[in-house]
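First the structure, then my questions, so here it is.
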Amino acid sequence: MSERVKKYNEERERLNELVLSRDNLNIKRFYGLDSAIYRDGALDCKTKEMLGLVASLVLRCDDCITYHIIQAKEQGLNDDEFDEVMSVGLIVGGSITIPHIRRANDLWKELNS
Amino acid sequence: MSERVKKYNEERERLNELVLSRDNLNIKRFYGLDSAIYRDGALDCKTKEMLGLVASLVLRCDDCITYHIIQAKEQGLNDDEFDEVMSVGLIVGGSITIPHIRRANDLWKELNS
Amino acid sequence: MSERVKKYNEERERLNELVLSRDNLNIKRFYGLDSAIYRDGALDCKTKEMLGLVASLVLRCDDCITYHIIQAKEQGLNDDEFDEVMSVGLIVGGSITIPHIRRANDLWKELNS
Amino acid sequence: MSERVKKYNEERERLNELVLSRDNLNIKRFYGLDSAIYRDGALDCKTKEMLGLVASLVLRCDDCITYHIIQAKEQGLNDDEFDEVMSVGLIVGGSITIPHIRRANDLWKELNS
Amino acid sequence: MSERVKKYNEERERLNELVLSRDNLNIKRFYGLDSAIYRDGALDCKTKEMLGLVASLVLRCDDCITYHIIQAKEQGLNDDEFDEVMSVGLIVGGSITIPHIRRANDLWKELNS
Amino acid sequence: MSERVKKYNEERERLNELVLSRDNLNIKRFYGLDSAIYRDGALDCKTKEMLGLVASLVLRCDDCITYHIIQAKEQGLNDDEFDEVMSVGLIVGGSITIPHIRRANDLWKELNS
């Protein structure tokens, strides 16, 4: 795992623990539902991670893009599939997504080297 | 084909013809690229239509949702898969997507009856 | 209740029943969580409806605005409070929210006549 | 003026009067500022209407697009300029803007016939 | 005041001074209106800060979230109220708001320690 | 050129090279189209850069704002014009754009000193 991914994971974990240490039942329920939705079902987990990735891309959230790229890679997303998910996000969301696509490619390269 | 889908298709076609009848080369090039991106590649067309659908859902565009539902249905999207695409869009995009999910379900029912 | 509000409620109910008649556990869980979050808690229901209203306004969803206006009115939102919620949404979200503010005012007048 | 434009203008005026008939000083101030910003200055009104139009297009608000197209047409926007404003909005905002571009072209044709 | 909040405030002030040092009357008027809207009125300032906070959360602007959390804290927002504002933003805006909620919780902890 | 602009340009170039080094024809075609759209046509390049800038501002993408400010400056955008583009973006997009306007002013000052 690259240094950047390790740091991302640690910070994400630290903050999630902080959120979940609080007395906020409905936020905890949201977290639980969020996890449940990406599990294998009629669609497998890899497909769902691609769905989460393209949704994160058109909504332009770098943290979410990073998360779903890491997950999709673990589920076996390959190089050409990665490019095609990016291309759907780019055409739907427009050039405003390009800075995110640049950084996504940088991360993808890191995960594959 | 239901009356609503027929009317949607006719209006879409009428307006696309209007747009493409004009002297706007770059808009035509965008249209061409838009078509190319959803063709079978590393990901098959059905998967790409699901990606287009979830992107349209979180961006909350009824016309785009309608279009991708019709395309995905033609590519063989089944009932459970439809629900799971909706659920990813709902969790990522939040309750603000619910009115669109309601109408998407209405269309889906029509396409399946 | 005005004719428009009655029709809105009926269509909303019809479509919600359709969504919830399906075998989509996670979407049902989202609906349940959505209801739970607006109940009286540290903040009373009226305040939460104002929060839901301003969030719907800046995200520019007429269906959601309509819903939260009806709920907030039932919780006792008065005329001046309505204007102030609109003004916060307008300053945060900009003139792009004005068409929604116009229609919100139209509905508000109807609910108060 | 076409029937559609006349109806749009009448409804817009009716609702603006409703909003401005209320005791909401800050919303009135916003309306005043909104008008002031599009007046001739370092940039002429036509250029500002193009700016308002492209902003409305990428934010995907049909009412706002309609308004700025009518204004820009009155300021002398010509056919080729219209297409180029649309093309910038399309490339920045992506295919999710296409339904709005279709309707914008329909209105533009009406205004020019 | 924590180091992070102090730095945020200083940078915000430095840049606001830069913006307001320029010859841009309409931007100054917008700033003035923005301040006026959050003052006590039919709704008290604390409620308005909660409205500004939830609007900033669903629009996903960390700078704006930071600002409104600081203001709301000064107006007496307590721990449970903070969680409930977050929960409304989360359900309306979806999981795409989670990275912002994480950082908001981090700031909240800092302000309360 | 300031240090910040130089670093921005270098990082942008490094990442664009990475994206374009891949076997993703459709993303390359999008890049080509994106360049073509800002060239002189019925509207001159400077006007198009202002359109790109205001679109980037209301969509709140700092990277895109930075890019279009640099381009517009090279095309001769002057001080008053800069303020007026910002003011249109601010009124359309609301106070949520203010953090971006602050940083845009900081960059503008740098480019002019």
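Residue numbering begins at 1 within each chain, and the chains themselves are lettered A, B, C, D, E and F in the order written.
Keep in mind that, in the parts below, a residue touches a chain if its C-beta (ideal position, glycine included) is under 8 Å from a C-beta of that chain, and two chains touch if they have at least 3 such contacts.
Here the structure is a predicted model, which means the values were calculated and not measured.
A.B. asks: Common contacts of subunit B and subunit D?
C.D. replies: Chains touching both subunit B and subunit D: A, C, E, F.
A.B. asks: With centres defined as the mean of C-alpha atoms, identify the chain lying farthest from subunit F.
C.D. replies: Centroid comparison gives C as the farthest chain from subunit F.
A.B. asks: Using C-alpha centroids, which chain lies at the maximum separation from subunit D?
C.D. replies: With centres defined by C-alpha atoms, farthest from subunit D sits A.
A.B. asks: Looking at C-E and D-E, which pair shares more C-beta contacts?
C.D. replies: Ranking C-E and D-E by C-beta contacts puts C-E first.
A.B. asks: Counting shared numbers against all numbers at the contact of subunit B and subunit C, is it over half, same, or under half, different?
C.D. replies: Mostly different residues: under half of the interface numbers shared.
A.B. asks: Measure off the straight-line distance from the CA centroid of subunit C to the CA centroid of subunit D, and report it in whole Å.
C.D. replies: 27
A.B. asks: Which integer distance in Å separates the CA centroid of subunit D from that of subunit F?
C.D. replies: Measuring from centre to centre gives 23 Å for this pair.
A.B. asks: Specify, in ascending order, the residues of subunit D that touch 2 or more different other chains.
C.D. replies: 26, 30, 33-34, 37, 55-56, 58-59, 64, 80, 83, 87, 90-93, 95-96
A.B. asks: Treating touching as the only link between chains, describe the layout with one word: line, ring, star, complete or other.
C.D. replies: complete
A.B. asks: Would you mind writing out the residues of subunit E in touch with subunit C in their complex?
C.D. replies: Result: residues 33-34, 37-38, 41-43, 47-48, 50-52, 54-59, 64, 78, 80-81, 83-85, 87-89, 91-93 of subunit E touch subunit C.
A.B. asks: Could you pull out which subunit F residues touch subunit A in their complex?
C.D. replies: So the residues of subunit F touching subunit A come out as 12, 15-16, 18-19, 22-24, 26-27, 30, 34, 55-56, 59, 61, 63-64.
A.B. asks: State the interface residues of subunit B toward subunit E in the complex, per the touch definition above.
C.D. replies: Result: residues 58, 90-97 of subunit B touch subunit E.
A.B. asks: Can you name the residues of subunit B that touch subunit F in the complex?
C.D. replies: 26, 29-30, 33, 36-37
A.B. asks: What part of subunit D is in contact with subunit B in the complex they form?
C.D. replies: 60, 79-80, 83, 86-87, 90-91, 95-96, 98-99, 101-103, 105-106, 109
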